[in-house]
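Data block below; observations after.
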């Protein structure tokens, strides 16, 4: 509760629906029907959802959290977006798919004609260029700047110290970067450092949206307040009462007007309170938590309002591959096979799917055939028996470090019991506050022996998973796993232009990861929401910020 | 008396300095930084380096402290690290009125039920009303505020649709949070009032007053109550400060845009400027409250001389 | 009528004369015999002893001797399909989720709540007492000295108290938990002792001011003057004359501090500070229960009820103690 904002992404994505968007690809469960005269959109319709907490920032070139991105992507539109069904990048502000040079290192997008900001000002390719410039500018100190590093010159400029470095060198680095983005009429071209088949996905992210230079200058540190937060997306942010709510209204200058006239995002921290508000018709949508299920099951009305959707995260027990006992692959394998994932999902987690491999369903590269890590007590015991003496000795003082919360504690007590029963290993639980936990897991030197982490998709591509998390160049989620074979596969696949070959290479890498048991995968999250009968076409996808979400959803007269 | 008050007010300055020094050191000693937000996606090192430069935390800590105090003396509280770029003064300015309103309402409510209840239970010691007040005080103390709040929300918000429980605006919005916030201090004040009242009515001067044939009412109000209120006044001082700052959980639960939540949130997030400002504000309120209590002592009992 | 009233002054004189005249019957001995005649206080004591006995008998494992009063192991006896059972009496009110094996129901992992409460009493009693004892000793000493001595001592101690009032204890707790969690000290009772000693060291301020306020109002009273006249030392005056007379609000404050300390744990966990007891505690159970509140309120209510019982017991015992220590009460 006290839900601090330092809660992890996946939790935020469960708690706050704002980010969760659309989807024909959702398995509409007992969802409300959309037929009949009563289902006509109310032109003055208002939707009320809960975003859980105050966003720390809604600056597109700074932010990194789900609910922050949810705000930005209602107000702005990027060059590309993602198809709700396939997850493939499709044009948004761009008119068409880009022209890619034969070496795969240059991408040229042409903007749609007549694009406007919500205040009526015309929007051009230079506005997009400014967005990218802000992203890579070291003075912005953006949290997701690294997504721009594939553009030539971005990494070098972003790596400089804007205060202490020689101004001439800074200016030179800036110029090098700006030269790699060329604008001509309605065209904008990006020069990349390497061929990157995933660049269309990057162009669909919030990081490159056309922030308005005049408004940023005018607003200064406070430019993200409604007066200067002017975008090119389907909604206008018309009010932001800090710590309380954000109100959006339809942007009349957007090319496909949103069906909703108004969308209010309140900030209710506590799930139980949000559930109460939903039952009181003060919220139209509520993401279900495991502990609500019994109440929902026993209430026929609520039961009808449940809608299931995909998740975008995979949770795992991380092993520090560089510390005993997990230097020994046998021990890692033993732990990976030692807990009953089905029982965990059915009895404890309740919402989600058992995971035996890294990439989550709904993301390209999901491999249901990879069952190496499946629950198998005999195999787990056999693997443990082959462990080296040093590793076996280290088992005696095994600790599982995690971000402290009552929920995590209960869940990990279940794991503790599994290891005790199935492997005869006593692991101690070691909770620390979430900021301390973040500090511990970010550095290889302080990485705990065993810990609980998760990973959520930024975009639909294997590169965002395998390379970003487990390669030797991983920027986060480090487990100390080093495998030359794995590196060769993923770095090769990152640049591979042939989609079939590329998928194969990633699949091999993913299977290698599972069989090396770099980490023990536990479950894939999924989304379960309650949705009032008057809410229509509210889709749930893995990413949750695809543009169509904001325009398609509508409410009928509540009568 | 005036000299005493002035001296005490001047003493606030060095005291605040020590509070600032201790808090600043502890904040920077705490593991992790404001940029360690998401364990699943720790920020890349170069990004953290940017952020540290951006917020000036790349300098040695003593130097940062000197800079901070210098800014503070100029009235600049700095900008929040976590709510990127929002000046701390804005954040506090926006929420303090709400938090103060909630705290004062809760204090008045607590006083309104605890003092009469305490007096009555003392006068009717070991009767049903005494036991009832004990029961109320016990429940108010042992059930944490977040649990009481949820119960009330389900009963009055969802069950009877009587009261709104999300947000802030009308007076109805303040009913449940005020009640929940008042419960803890109210319970304690009831018991303290009862205990000191019991003590007071056994005193000689009360017996003397009674034996002089004064009416019971004037004995209680004029003689016993005044003395009984000394410990009550002692408690009220810090309780006021506590209500204004301690509404963290209540504000989160009822989605109230006050500043109570920042007392905890800023610490969890290591938002150094916010930690400093909230702690110093709290220290200031506490000192003013304690000074007031010390002055009130003299009014309640002329024998107490503060000097 | 007036003759029936023994004035305090007379009484104090009598007490002082007693000291001189004969070997004094100790104040504490008197108090003890008065206490034993107070039924409510006895009831309070019985409850506290009962809770302590249950806590000890929850499981005894000495040498080869093993006895467990609790029906289940509170941590490892997990039966997840039987999770969140409600107490058996709710069956009469239509609950479909009861199981005869779980008298008070079960938690999210299907563990017996009765057993968890029994084991929980162990650490909860310790975390209730240890910090409060520390708070009492520091707070009473500082308050008494400041109030009685006054002047610059008072000023200095009270400014120090102001600083400690504003001390960011959550920050302090986070630091000690994170830095000492691997040391021996950090491991006692899963780090709880460390946390509570840490909190106690910075939370005596309320008690100190309460004590000082009381002392200020009493120190110019006749009986104190009288004691001074007969040459009692300041220490004697503070301990024998002032202390018993200021107890009333102090005892209330202590009786409330005990459940307060037990709940602090719930609040701290609520705030994300890592506490990892090997066995459950009432505070942690309240928080775990809060999470499943929308399914069933019992996992919150039962530990809260236990804490209430302990608070009531201490309140009755405290009231009895106060009366027993009141020098005006006659045998």
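A, B and C are the chain letters, set down in written order, and residue numbers restart from 1 in every chain.
Operating definition for what follows: a residue touches a chain if its C-beta (ideal position, glycine included) is under 8 Å from a C-beta of that chain, and two chains touch if they have at least 3 such contacts.
No experiment lies behind these values; they were computed from the predicted model shown.
Give the chain pair, either A-C or A-B, that is connected by more C-beta contacts.
Output for the comparison: A-B.
Return the chain whose centre of C-alpha atoms lies at maximal distance from the corresponding centre of subunit B.
A
Relative to the centroid of every protein C-alpha atom displayed, which chain's own C-alpha centroid is closest?
B
Subunit B to subunit C: how many Å between their CA centres?
The answer is 22 Å.
Let me have the rounded angstrom distance from the C-alpha centre of subunit A over to the C-alpha centre of subunit B, please.
It comes to 39 Å between the two C-alpha centres.
When the centre of a chain is set as the mean of its C-alpha atoms, what distance in Å lies between subunit A and subunit C?
Measuring from centre to centre gives 47 Å for this pair.
Multi-chain contacts in subunit C: which residues touch at least two other chains?
Within subunit C, the residues that touch at least two other chains are 174, 178, 270-272, 290, 293.
Tell me, which residues of subunit B touch at least two other chains?
30-31, 146, 150, 249, 264, 268
What residues in subunit A touch two or more of the other chains?
1-2, 4, 272, 403, 432-434, 436
Touching subunit B in the complex: which residues of subunit A?
Where subunit A meets subunit B, its residues are 1-6, 8-10, 54, 56-57, 59, 62, 64-65, 138-139, 141-143, 145-146, 158-159, 161-163, 221-222, 224, 241-245, 266-270, 272-273, 276-277, 279-280, 282, 403, 432-439, 441-442, 453-456, 475-477.
So in the complex, which bits of subunit C are touching subunit A?
Touch list, subunit C to subunit A: 75-76, 78, 80-81, 83-84, 97, 107-110, 174, 177-178, 181, 269-276, 284, 287-288, 290-296.
Once bound in the complex, which stretches of subunit B touch subunit A?
30-33, 36-44, 46-47, 49-51, 53-54, 79, 82-87, 91, 94-95, 146, 150, 153-154, 157-158, 161, 164-168, 248-249, 252-258, 261, 264-265, 268-270
So in the complex, the part of subunit C that touches subunit B is made up of which residues?
1-2, 5, 7-9, 150-151, 155, 158-159, 162-163, 165-168, 170-172, 174-175, 178-179, 205-206, 209-210, 212-214, 216-217, 220-221, 248-249, 251-253, 255-256, 259-260, 263, 266-267, 270-272, 286, 290, 293, 297, 300, 304, 307-308, 311-312, 315, 319, 322, 326, 328
Provide the residue numbers of subunit A that touch subunit C in the complex, in ascending order.
Touch list, subunit A to subunit C: 1-2, 4, 272, 275, 291-295, 343, 347-348, 403-407, 409-410, 413-414, 417, 420, 428-434, 436.
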